[in-house]
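Dumping the structure here so I can ask a few things about it.
The letters A, B, C, D, E and F name the chains in turn, as written, and every chain counts its residues from 1.
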Amino acid sequence: MFFHQKRLQYFTPPEKPDPVYAMKMQELIGGSFGEMTVMMQYLFQGWNCRGPAKYRDMLLDIGTEEIGHVEMLATMIACLLDKAPLKLQEEGAKDRIVGAVMGGSNPRDEIMAAAMNPQHAIVSGLGAMPADSVGFPWNGRFIVASGNLLADFRSNLHAESQGLMQAVRLYEMTDDPGVKDHLSFMIARDTMHQNQWLAAIEDLQSEGLEATVAPSVAHEYGKNEYAYQFWNHSEGTQSAEGRWAKGPTPDGKGEFEYVANPQPIGPEPEPPQPDPRLHGTSKTSQVPGNAGLT
Amino acid sequence: MFFHQKRLQYFTPPEKPDPVYAMKMQELIGGSFGEMTVMMQYLFQGWNCRGPAKYRDMLLDIGTEEIGHVEMLATMIACLLDKAPLKLQEEGAKDRIVGAVMGGSNPRDEIMAAAMNPQHAIVSGLGAMPADSVGFPWNGRFIVASGNLLADFRSNLHAESQGLMQAVRLYEMTDDPGVKDHLSFMIARDTMHQNQWLAAIEDLQSEGLEATVAPSVAHEYGKNEYAYQFWNHSEGTQSAEGRWAKGPTPDGKGEFEYVANPQPIGPEPEPPQPDPRLHGTSKTSQVPGNAGLT
Amino acid sequence: MFFHQKRLQYFTPPEKPDPVYAMKMQELIGGSFGEMTVMMQYLFQGWNCRGPAKYRDMLLDIGTEEIGHVEMLATMIACLLDKAPLKLQEEGAKDRIVGAVMGGSNPRDEIMAAAMNPQHAIVSGLGAMPADSVGFPWNGRFIVASGNLLADFRSNLHAESQGLMQAVRLYEMTDDPGVKDHLSFMIARDTMHQNQWLAAIEDLQSEGLEATVAPSVAHEYGKNEYAYQFWNHSEGTQSAEGRWAKGPTPDGKGEFEYVANPQPIGPEPEPPQPDPRLHGTSKTSQVPGNAGLT
Amino acid sequence: MFFHQKRLQYFTPPEKPDPVYAMKMQELIGGSFGEMTVMMQYLFQGWNCRGPAKYRDMLLDIGTEEIGHVEMLATMIACLLDKAPLKLQEEGAKDRIVGAVMGGSNPRDEIMAAAMNPQHAIVSGLGAMPADSVGFPWNGRFIVASGNLLADFRSNLHAESQGLMQAVRLYEMTDDPGVKDHLSFMIARDTMHQNQWLAAIEDLQSEGLEATVAPSVAHEYGKNEYAYQFWNHSEGTQSAEGRWAKGPTPDGKGEFEYVANPQPIGPEPEPPQPDPRLHGTSKTSQVPGNAGLT
Amino acid sequence: MFFHQKRLQYFTPPEKPDPVYAMKMQELIGGSFGEMTVMMQYLFQGWNCRGPAKYRDMLLDIGTEEIGHVEMLATMIACLLDKAPLKLQEEGAKDRIVGAVMGGSNPRDEIMAAAMNPQHAIVSGLGAMPADSVGFPWNGRFIVASGNLLADFRSNLHAESQGLMQAVRLYEMTDDPGVKDHLSFMIARDTMHQNQWLAAIEDLQSEGLEATVAPSVAHEYGKNEYAYQFWNHSEGTQSAEGRWAKGPTPDGKGEFEYVANPQPIGPEPEPPQPDPRLHGTSKTSQVPGNAGLT
Amino acid sequence: MFFHQKRLQYFTPPEKPDPVYAMKMQELIGGSFGEMTVMMQYLFQGWNCRGPAKYRDMLLDIGTEEIGHVEMLATMIACLLDKAPLKLQEEGAKDRIVGAVMGGSNPRDEIMAAAMNPQHAIVSGLGAMPADSVGFPWNGRFIVASGNLLADFRSNLHAESQGLMQAVRLYEMTDDPGVKDHLSFMIARDTMHQNQWLAAIEDLQSEGLEATVAPSVAHEYGKNEYAYQFWNHSEGTQSAEGRWAKGPTPDGKGEFEYVANPQPIGPEPEPPQPDPRLHGTSKTSQVPGNAGLT
């Protein structure tokens, strides 16, 4: 069960509205790596967690924190949308320039009115939406909770890596000191979370619960003679220069081998002939001759 | 530019058709972590790669290998769908039992006809589709190519971890020796790829191109006093027992701190009053009295 | 900011696993009217609320309660998936019948293994997912937060009406006493929430903040001569018998009028001729004669 | 079966083209609450209607009217897109200013060419599309037809409330008198439809077919002791001040009760231990020690 | 503007319900090539048509007919869903067999209850839905209306070709004489429509409005030396045996040329070095040394 | 199995960056008729092909070529995004004008920064994405591979017709000579591919594998008396003037017949009364009287 506190985890208001930036900031709420993703991912991982209690508790801690991050960003977006221009100005081009020179109007409003997310005006009434920076809705395929904590913590590490980088990019895309201060806090928390998942992976492995490869016993299922070969499927051999092409493999079970000129092992495929009731084209199907149009 | 060879990288035909299993195996083609995802993810990362040549070459090697993995699975699914029963048998329950006891018919066909993916018959004519095991189509939001190789290699590691685990789970869900042999090869390749991304991350860091946190200089953007705190947002303190709650942080820049009873730092939010032209409900809006229905 | 308590709001475990029912129950988590929808809808409405404090506080109360409802259902689904059969049994039809008669095996397992959501095994490792009963992911277009509380409370009333009915339908689709007891609590809460939104609409209108029509002053924008006419666009006049065809309109501003034989008021459309650079087919476009194939 | 008349229900051409506004107006065709939604929702409800004939007839009347509303808007959008600028002008900034001052060119064209929906040029050849104002396609999850007319009429009331408000917002976002006149007619019809659903709900209840809660007998399924309690899940008690917190409930079956300090009733969740074949992390899983990379 | 007639264009009721078949038949309503697609595609093409009146009139004729086809199928699906079993029987395996032998129950009900579309029970109350046979919703990206009638009539021909074949496949998947009779009418109409688009393409070309290639003057934009070469991108030269590899091209403007061993014409790509503010990995980026975890 | 060559099939760099055009060009990568669609469509058709070897080989040739087309466009988009402006300039309106007049700044940058696809900066780091020009992701429902080569080659012809027209439209939307040269090559290849599918259809029919209608024997399933009638579902009879209304049908099996005043053949629908457990509204359902709110 959950409980809500009135105060935000952190907040600095923007110095002035900027509806185009509000549109862009939606990426941090509803994008593939936005706060809705990490919130839902950690909560579902926590609810599905069947491992030791410390992992479950930790997942629910951070998942619950992330609900509050959506809240912080929703509040920021509402402030950035305040006083958004709703329509292109009606004055002609000449007047616009004159007005601009005179300081009597703001020509940037036309750009703002044209380029902001139209749904911020029409649908949400200048509020945040569960969508990304191009208006595509957040969806459940953005998250994963597989039951295997090593695989899932790697998913979390990846999500925080992409998410932190996106926050830094958005930081670079504004000069508003309020927005920058606000993002700065979120960048710090994401830095923590990136460190946290690295530590959690270490913890999981030092507890002996998982190994290097997920799942731990994958090698008992695979043809191990192919499990350490790098196949060079493209022209050139620059790829031979990397750590992945020679030396011991990270799982400690083999040596990387570079196959410079790989050859297929399988046969040419021979798909079965089609069931005639489905009217696929077979090798021998015949129709009565026709001389019609194509 | 690309070139196609006729032979499959590897292939073992199934011992007998199984259209319900074919439906499930679609997860490995068109699911979030299926071969279409890794194929597209590595190709786009390769095409967008602006780092040293060995990374670009390596990305295109593995991306090109993965096109062939989609091909292998598509061939397998066509074989599993061969002779799929298209409709429920019309005999009544009594006859079915009699028939079953007599060995004269196969009651499992009814289950197969009812539970297989109907689009395998209606849409694709017993061929593979670019969709997952519930028929949801593969889509471009499944992949990421951010330009930052550390963030992207972590995405690759996560995709291979989930994908390998799914292949192992599917291995456990069949007794067909052909399918098992086929999956065994794919598990070996995915084991390689998981090792490969671990090695590639190590390579990237040892080259000095990226550090522990993505992006490398995130700490110059964030409020570092909050960058190493674990906030305990839920009842209980089992989460204090993990590696993420104490000791040096993996990035080597701080010490984990456990905040057992976190308090909000921000204010209560005060969203701006709505633009009257948008007819949001404000604190003071008044309408002429009405006595109508709700 | 949010906080998590360890105990569930309510819970009764199922008497026995039922993976097919688990698939169906996903509708209550990730369907259009599932708990993720009401959770997200109320939270976004609360975060975007610019009306009096009591509405905001109420929205966040119920939104926060709904997070816990997702948690309850996720726990239920994990229990229903426990010991799910992962593959069709390998024995032939004859043996299956014999085994069944002998009590030595459970033929329903084959149906379960074939008809359960395959992603519950392959993707989530027998955990709940943010998707509906056919595996379609929850997405942000399922919710609305418009800033107008009358329009939004009607959305909430509709969501709770559909959602409660779906819970009752699922109640009828199982005989498991644990599941029934669990759903019974959720049905009670949804009954409260349906009453709550009816009361909230009444409250909003009695406070004079909104009227009968959303938005309150819509009649100042519209051609009111058409605002109370029922147009009979189909054969027959049974539709004249309803309350919507005669008598005063609910908004107290007009009388319903039944137009039995409506005629178009507008002209025939004349779309503009196409820009030649876009190569649309115009009324007069001519190409050099060709005698080729189609 | 259906029949088409050539003339539009109503139409006023725009005074001048405005491709950016055309993009925004798409919300009324293909948005969540656009005309495609109400058209499809009423048609499917009508086709699925198993209640008295007057409801079925009425649903098909209005559903058929709505097909014509999509037609009206498609015609409007084609007119607004006429002569849309297809590319940014090539002259440099200085020339643009000079041109603007001289009146010899129209700098707003650059904004138009950059900010219009690119698919209006590339895909539809300056025609309307079945998508919303950010280009997201209309989809079938936008509608509901549940078979229960009370639940469905509430869905209709909500859709018309959101839809009417969006039309008013778009009315405010243009100064074109043709567009305003056109929208004015649509606002009038939506006003009718909002009144209509209120009247239809009243009709349904006065006929004794449905009660206050959908479905009517929900109280026979629920734990009624929880059916009238408001749980205060967030800090503060402003939510106690509303109609939903005290007094008789709208369904006439209880009294609202305000639970100021709610406590969970359920236990801590204990998800079952994972099936080892799925390789979820359990409380006790052990792997052979490894000293590899993470 | 549109008008509805009460009687269906054609209809034969099913002999008996079959909820699993109802699920499959949804493909013809809401699948990529179902009746919603052709309905919407022809209506939008008609509304956007800027060519001679006969094309516009014809498009609206057939588009209006297709609305009635959705209606016919929705009615059929409601009949097929009647008396659908809602839950798995509770008796154990042994009893089920005994019951089956005795004729006292119908074991196929368990398969039906498990394998039908769960939303047909939970969401639509045994009515049709705007979705395909795996429950994926119809969406606006399924249709095209480009303004070029040659391109669009080819789209229509393709849609009717796929759609007719799917109807034939579904015909083969049932033994119910009512369903077969009903489908038989639809197959006849689709046969007409396939002929119709072939004739319409012929008409358009004989009127001189369009040529062989869409758009007609594409050759004025292209490097025509590459416009008639077949590039052999795969092993083997079986592809040299087809009509596409030799002889005059259908557009009458060239001769097919078979390039057996194609070579790339372009350079190796050199993507620009990344903007440092976006933190992509460049060829030369350096970070302060770190010795942390990966 | 596949192999990658380093050089691009063709490439001309743009003369200068243009991030707004890069957004638009995404339509050719990830739109409904972009290169990802034809690539995936031809590969899946090739993998599923059960007809003579020349068709399979040809499909894989062209599918493999199309992978390289995605590569070419991805490289182009990276170049167009180079040096994209990341934020609106901070100077006020007056300064901007002054700066513009002075030549000291570039006011078009503001439009670029506002109107470019924000994900090109935030998500992909100025690289191409698998999405269309409004940012909607490519998805598997864009393609078809039905097993029937006539139906599929018509799908291919339609895709190349729409795709070629879109390429021409984009050609018209830029003045950059590099982009024009690059598109010119792609237009030539698409011209080939349109010719190719016309020839392939001819080939298939001259081999006697398929006839005029797909599938070839559809007339054995349909009520042929309805298979050649044009039903005039709309006001006016301009549609009688086309080739589709009179004369022999293209399949050589009938004569077109124009039905000027079509009448429904079927009955009024009578949907079955609802299962009471699902609580649909029936003709006779009664609830205990209530006098509550709506």
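Keep in mind that, in the parts below, a residue touches a chain if its C-beta (ideal position, glycine included) is under 8 Å from a C-beta of that chain, and two chains touch if they have at least 3 such contacts.
Please read all numbers here as calculations on a predicted model, not as lab measurements.
Repeating the C-F interface with over half of its contact pairs identical by residue number, the matching pair from B-C, D-E or B-D is B-D. If you compare A-B with A-F, the chain pair joined by more contacting C-beta pairs is A-B.
Our note on geometry: subunit A versus subunit E, Cα centroid distance of 30 Å, whole angstroms.
Annotation: 26 Å between the Cα-based centres of subunit B and subunit E. Counting only residues that touch two or more partner chains, subunit B has 1-9, 32, 47-48, 55, 60-61, 64-65, 68, 71, 75, 78, 86, 97, 111, 114-115, 121, 123, 125-127, 134-137, 139, 141, 144, 146-148, 150, 165, 168-169, 172, 198-199, 202, 212, 214-215, 233-234, 236, 250-251, 264, 269, 271-272, 274, 277-280, 292-294. If touching chains are joined by edges, the resulting network of the protein chains shown connects every chain directly with every other. Listed in rising order, the residues of subunit E touching subunit F in the complex are 5-11, 32-33, 53-58, 60-62, 64-65, 68, 71-72, 75, 78-79, 82-84, 86, 121, 125-127, 136, 139, 141-142, 144, 146, 148, 150-151, 154-155, 157-158, 161-162, 164-165, 167-168, 171, 183-185, 187-192, 194-196, 198-200, 202-203, 206, 212-215, 218-219, 221-234, 236-239, 241-244, 247, 249-251, 254, 256, 264-269, 271-272, 274-275, 277-280. Those residues of subunit D that touch subunit A in the complex are listed here as 18, 20-21, 23-24, 27, 31-32, 97, 100-101, 103, 105-108, 111-112, 114-115, 132-136, 166, 169-170, 172-175, 233-236, 264, 269, 271-274, 278-283, 285-294. Residue ranges of subunit F in contact with subunit A, taken from their complex: 1-6, 47-52, 55, 86-88, 90, 93-94, 96-97, 110-111, 114-115, 117-119, 121-123, 125, 134-137, 146-150, 198, 201-202, 204-205, 208-212, 214-217, 250-252.
Residues of subunit B that touch subunit D in their complex: 165, 168-169, 172, 198-199, 202, 277-279, 292-294.
The touching residues of subunit A, when paired with subunit C in their complex, are 1-5, 7-9, 30, 36, 40, 43-44, 47-48, 60-61, 63-65, 67-68, 70-71, 74-75, 78, 123-131, 137-141, 143-148, 293-294.
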